[in-house]
Amino acid sequence: MNSHPPNYEHLDDQMIKMEVNLDNIPGEWLGYVMDLLFEAGANDVFYTPIYMKKNRPGILLQLLCSVDSLNKMKEILFKETTTLGVRYYPLTVHRLERVFKKAETEWGTVTVKEGILNGQVVQHAPEYEECKSLARLHDIPLKKVYEQVWKAIDNKA
Amino acid sequence: MNSHPPNYEHLDDQMIKMEVNLDNIPGEWLGYVMDLLFEAGANDVFYTPIYMKKNRPGILLQLLCSVDSLNKMKEILFKETTTLGVRYYPLTVHRLERVFKKAETEWGTVTVKEGILNGQVVQHAPEYEECKSLARLHDIPLKKVYEQVWKAIDNKA
Amino acid sequence: MNSHPPNYEHLDDQMIKMEVNLDNIPGEWLGYVMDLLFEAGANDVFYTPIYMKKNRPGILLQLLCSVDSLNKMKEILFKETTTLGVRYYPLTVHRLERVFKKAETEWGTVTVKEGILNGQVVQHAPEYEECKSLARLHDIPLKKVYEQVWKAIDNKA
Amino acid sequence: MNSHPPNYEHLDDQMIKMEVNLDNIPGEWLGYVMDLLFEAGANDVFYTPIYMKKNRPGILLQLLCSVDSLNKMKEILFKETTTLGVRYYPLTVHRLERVFKKAETEWGTVTVKEGILNGQVVQHAPEYEECKSLARLHDIPLKKVYEQVWKAIDNKA
Amino acid sequence: MNSHPPNYEHLDDQMIKMEVNLDNIPGEWLGYVMDLLFEAGANDVFYTPIYMKKNRPGILLQLLCSVDSLNKMKEILFKETTTLGVRYYPLTVHRLERVFKKAETEWGTVTVKEGILNGQVVQHAPEYEECKSLARLHDIPLKKVYEQVWKAIDNKA
Amino acid sequence: MNSHPPNYEHLDDQMIKMEVNLDNIPGEWLGYVMDLLFEAGANDVFYTPIYMKKNRPGILLQLLCSVDSLNKMKEILFKETTTLGVRYYPLTVHRLERVFKKAETEWGTVTVKEGILNGQVVQHAPEYEECKSLARLHDIPLKKVYEQVWKAIDNKA
């Protein structure tokens, strides 16, 4: 069985958004919590600054996960943060078809994730980690790597 | 058929909230995307700063639209932003009855939108664009125009 | 009948999230609105900065309340803010069992709220107001009070 | 000797901005720290959400104080927060002349602070605490009190 | 005499940063104030959400201007916002040399601003308004215009 | 010669704050830029969400560095971001004396950085990376490691 979402365009109505308000946890811990949630299979995790009662700057933690992962996410949130409650609601996700292509730069090859809507390519997303590795290895600005990737993408269009 | 919401007080349960997380798009493009979404009929569009993985400052785009506009909004989001997925869920909107009145200032007339809850006027919203035009035309501070409008509103109460 | 949530671990599916976008209200009033909503029984109220049309910095007011409080919350929002519409959707809250313990410091006793997941204590939250009172009374840093409370908690583990 | 700034229009070049980055302190404590800094004479204290290393949501505490208060502010910051360093730099403040007037509403009198630039009244700021007290006492929306104050101000113009 | 900064690389030590904290102004007005400040010659104007006393969500207005514009900026701030004081301090700006080139796309020509550091081109900034006009005119996604501009830039390198 | 700041309490008046406004760079790149700036010796780097002209959500990059590092920082900012100008101003930093202690937990030893003001210990900061390693290695919540460290610190007081 494959826990990854399929690569063709589809509507996924088995997704959950979870939310937690946090006003008594150091920011230091939250970087770590984000890593744990991703490792446990969250589709996305992100923080928003919020204004809470008694002049407290707080953090709204939001995460997206499949219904199957709900309990695993709850357990991490309760054990690793300071919250006494988590809230959640279902939502629908429309995902584009994804195809992986290769683009050549003078420093090496980079994977480009294409997003396809009704059979038309609408997105080209160069893989960040690969671009970063080339920038590090050849000691060049990251943006130069992206510029060459974008040029290579266009040449194939 | 009229696609605008009615002006009497009502509950609208045909509304959708859409959300997209963006970490690979320049801020410059997002000002333009907001305009396009409003022109295509979004009821509201707004951005929130979010903290995403790998130390990336990102943007959460949120929009409100009717169920009828769902596909049009999706198409703009996929074509104009860099996202590979959009998420959404239904919600209910309670809207006040709206009545349009006129208020006189020494520089001209301004429309005031009244909001009515159970027959009682609870809001007075001067039309921003009209106030701005008067301020521009007469080279006076915008707040002076609002002050006169508020005074005129009170006189009618 | 008890309007407070029970202290044992449970899922509550009678909760509502309400949201209002605000771009024509002074920040000054919003501190007051938060107080009124809490007094009227909101479970939580918080603000997020948002970017709205026409370069307006706005505020997203969010609140959590039970289905029973829905109308009371709406009335406050319509009367005290400048909005012409409020939106809302149902959600589920998973709440930990809560047990109240006492911790001794050299300046006095502090209540600690324990959060219990499947019978295991996963949270220890010292009561902020009590810690603050001790800090004020004895003219010591608030963090020193918390440090002693944490030490006392550990001793009981 | 009077530690308050004078009420006539002036430039004050004895002001300091202090800044502290915080990523290991609970938001709960920060509401308290703000109170202490104001009580000790800070002219203003405010928080900004910041993105720090290792995916940490942090807080930038900023405060304005006179050169005379520098050491008192430092001591509070070091004792009540978790920082190991504070930074600061001088700045100049241009303050308007301030005159206090009275405005009558049907629920009572409210003080209005006028701001005067080169002899011309450019600001009218009703005293928030007085408006709030009237709203509480008479159980009316805060915005209604402000509306009547604004009307009274206009009548005197 | 030319009030614009020169186009060659230089250090400018005649710049001022001004700051105003705002908690009693509607967001609606702030979009207008930004326009006025730019029109009056501000080099940049931007807003940051801040947490102010008494649970008020506020806005920190920051602007950059030359020493020569200081009084004009102050006057706008005092007349158009609700502040009773503005603060400022000097700073130094290191500006790159700027050269304007042309890039061809299938929909027309776009100006590209190059930034030059010690004689080396380090930035290529396509003019947003021109890209937007082409996108509007030809009813194509804005990002497609940028993609073609980037490709054209690379071809010249 | 040692480029690190000394460990005793001191005022450092050779520090610089640099600032860059960014509205045409993807958030993805900014995580990488932060790493590069820290590696090149920045004392701190952090991002703030800002509202820029034309409805653009932007980022304010701020960094602290010594006067000696000024040119190195500029070069990274110009090569890796999309800015055409950087601004900066001097500031003073008051740093506490720093002493490194050891704290024992049941899973191993953790370094604790003490901050000392006028000879008095006012801060105890457990080293995050060490706590995280123990949490990872023993598969326990990070907060449990901190709780044991705090207890050990108290025992030495």
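We just call them A, B, C, D, E and F in the order they show up, numbering each chain from 1.
FYI, contacts are C-beta pairs under 8 Å (C-beta built on N, C-alpha and C of every residue); 3 or more make two chains touch, one makes a residue touch a chain.
Note that the coordinates shown come from a computational prediction; the quantities given were computed from them, not determined experimentally.
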**OP:** Could you tell me which chains make contact with chain C and chain E both?
**Re:** A, B, D, F
Subject >> Separation of chain D from chain C in steps, with touching chains one step apart >> reply: 1
Original post:
Quick one: which of C-E, B-C or C-D reuses the A-C interface, over half of the residue-numbered contact pairs in common?
Top reply: B-C
Original post:
Centre-to-centre on C-alpha atoms, which chain is most distant from chain D?
Top reply: A
Subject >> Self-contact between copies chain A and chain D, residue sets same or different by half >> reply: same
Original post:
Looking at CA centres, what chain is most distant from chain B?
Top reply: F
Original post:
Roughly how many whole angstrom separate the Cα centroids of chain C and chain F?
Top reply: 30
Original post:
From the C-alpha centre of chain A to that of chain F, how far is it in Å?
Top reply: 25
Subject >> chain D-chain F separation of Cα centroids, rounded to whole Å >> reply: 28
Original post:
Which residues of chain C are in contact with two or more other chains?
Top reply: 24, 28, 34, 47-49, 51-55, 57-58, 79, 82, 89, 122, 128, 141
Subject >> Contact set on chain E toward chain A in their complex >> reply: 49, 51, 53-55, 57, 122, 141, 147-148, 150-151, 153-155
**OP:** Spell out the part of chain C that touches chain E in their complex, as residue ranges.
**Re:** 22-28, 30-31, 34-35, 47, 49, 52, 54-59, 82
Subject >> chain E contact footprint on chain D (complex, rising order) >> reply: 15, 17, 34, 38, 44-49, 64, 89-96, 98, 113, 115, 117, 122-123, 125, 128
Subject >> Contact set on chain E toward chain D in their complex >> reply: 21, 24, 48-54, 58, 60, 74-75, 78-79, 82-89
Subject >> chain A residues within the chain F interface of the complex >> reply: 28-29, 32-33, 79-80, 82, 128, 132, 135, 141-143, 146
